């Protein structure tokens, strides 16, 4: 039974985590899917609405203040009266930041990573945290901001310099928000996704048990995100790691 | 509907985490509760059995090889044919290890901590991991070993020297087991419980929403442990932290 | 006896660490002091030259590619033929990034931190690492890049969100460089300065024993930086922490 | 010029770190070398005394209270009136703890690690910290306790379970001591030695530049320990890592 009072927002929809998280949260809440291009979300939006859920997709750049502001105008119109209780930041940088020798990189490579991983998160949090704060008293679960991280969030590996710089900054920013807004009742959590994510095709999209060994099922990530969201306020987890059983770490 | 093929084992039952975890897992599996004294578990065992679950309590010192071996004889008799799919190590040291100035401590204070936090875990894992390995193919969820840690597991604070020594050793031992047995399909996880745990009295035992601010609901910890147990094998979390929303950290 | 073959470069000269590091390294090498304004370095440059050392100060923004390029034109002219063997990145953001509630910050506050702590370091490293690589065979000690960090480099405290985001990104970028350029013989190290730094006045500038309790002597930091620089290539330290004996941590 | 007021104590003398540290500190202080067997220290003791230093070797088990007490009786007689200003705990477990599959280990393997890495350190610290505290006002450098760690101190790798358990406990115990005794003026530091240590033969014992690539020169470790000891009290480093330039990490 989908709520008619609360909604969830997922920024960053790709073939993996974003759409699975949207699907999971759509079992309970109307969901907004933000992505730069309609082709990233249109089929999931249709799938959710067809399954009896309620979803809208909005083409927006979640890292851009104006684009995000415009997206919220649409949200306010479409989901009038609904309160935000879960915001997931799953945005990837605009273009793939370069994993290459440091001396072959340039400042733009760094900026791509900083934009997607830090500046975008900052903008997204500035927009969503006030809404989450407003929902503290009425939300069925503590309002939640979840940020998707990676191994690079805690480790500067060789050749990963610009990616790790952006990811680690996003992680620490999230940690700081957790310390500031936890006491106000908002649950801020970070997930270190350590491994490649399976991109299920039609054949096994409904059954994450067929995830090939060594890949993470995005459905399983979505379960973990949902579990974070539903944690009691007396027992918030600030950070989880997630990896395939056979990942070397 | 409680399983008639699998069981869970909780070592270390006190008024907080242990009993709540046993209650939670008893919704799905028959459970064994291990504690040194019957008064630690007898009422929970009765509560579970009365509620339609299946539980046995065994007086044993989980840190002692012989005592643990004897406990497993009882288990094998009482739960004949059932397979172990979840083992939780929640043992506190035999006596409260001293939190006091280092120069006022003696070697026995250290040994109390090492015994409960490391040697006991070692013994428990040696006994349970082979059983968990046997259940990999049949278990409804990846067989799981969960170890209860604390802030002292990652931080040697002033005056906490012997507690932190034991706790950190237990954490790293758990991490090593995760790396060794994850690839074989056993999920080994560690929980850093950061804060005081509420000990619910009759008045609010059934409703963790009344946990006083600043205390962790043991029921909420139990939910998190269950969520760890039910993670898909493509997405194991090795470590979580758990703290009240208003805990300073 | 100051070298006539090698030189050191310190970017970011203030009343604390930068000038002390320049003074220390000037005992062995000619030094270049980079700061935005001459008043930051002119007295130290004079002091070094008067004491028999060799120093030049250059007004430059070390975080700006063009400004840094122009500084190196000056360096190449003034220190013609000398090889760079130590580069210290001690730059503070252009204006003090705001330590305040997250919702009172704006994107410019974040950008100030990212510029000084990450983009500037990136630019500085792109310029200096190739020079350090060239010095590997001739340098008396492994050529060294040292980056000044802070507690915020490893911890996102409440109200420190933008500072911690920048500092943590700078730290992980440094770590990545250490992994990439260590095997080529360049020592890349990061220093977590945990505490307030004393700004010695004339009265005790020559005697760091009078540093008031609770403050870090910048001369002591300089000693630690020199010790990092002179480590044998078989025993590189990637990260140190530095704090007053009575700092709570 | 060797001090006639202060002395240093090195527990754990083998062919690598221990003897190099003793040699380094003997340039400034009389040194006591503790090892289980005279063959571990007799040649170094002779070498130091021949070189104009002052050294005694004592056969003792530094992890055993009675043995350590007896050693201190000898020290008090031989070094009467001298004050302890540096204590280095470099003890390896009594026998090599097993690096093997967890299920092939037994409790004795764990105890070997706990004894050498934690219980021994506890005993050593209980004996030496009071002496270091007494030297705070007179020591030329802040009295120092340094503990030798390893990669296993911060990481539970596969197959390293018992070693990592002991090492991590020793590290956190050291951290706790640093927090307790730093404010009293005693510098407590931990060194994570990440890599194999070269055992120099006669051919290159005097020249650490010939350390083969991939090995750590014990002389370089000794330099780092000395640098820790001589840090100003306003700038204590609690932990360093040390690894060969070309170590993968």
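Here the chain labels run A, B, C and D in written order, and each chain numbers its own residues starting at 1.
Here is the rule we use: a residue touches a chain if its C-beta (ideal position, glycine included) is under 8 Å from a C-beta of that chain, and two chains touch if they have at least 3 such contacts.
Going by UniProt, the chains are A, B, C, D = 7-alpha-hydroxysteroid dehydrogenase.
Values in this document were obtained by computation on a predicted structure and should not be read as measured data.
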{"item": "Chain hops separating chain D from chain B, counting only touching neighbours", "value": "1"}
{"item": "Distance-maximising chain from chain C - centres being C-alpha averages", "value": "B"}
{"item": "Centroid spacing, where centroids are CA-atom means, of chain A and chain B in whole angstrom", "value": "31"}
{"item": "Centroid distance [mean C-alpha coordinates] between chain D and chain A, Å", "value": "47"}
{"item": "Averaged-CA centre spacing for the pair chain C and chain A, given as whole angstrom", "value": "36"}
{"item": "Chain A residues counted as touching two or more neighbouring chains", "value": "179"}
{"item": "Pairwise touch network: line, ring, star, complete, or other", "value": "ring"}
{"item": "Touch list for chain C against partner chain D, complex", "value": "142, 179, 182-183, 185, 187, 198, 208-209, 211, 213, 215-217, 219-221, 223-224, 227, 230-247, 249"}
{"item": "Chain D to chain B touching residues, read off their complex", "value": "65, 101-103, 105, 107, 110-111, 114, 118-119, 122-123, 125-126, 129-130, 152, 155-162, 164-181"}
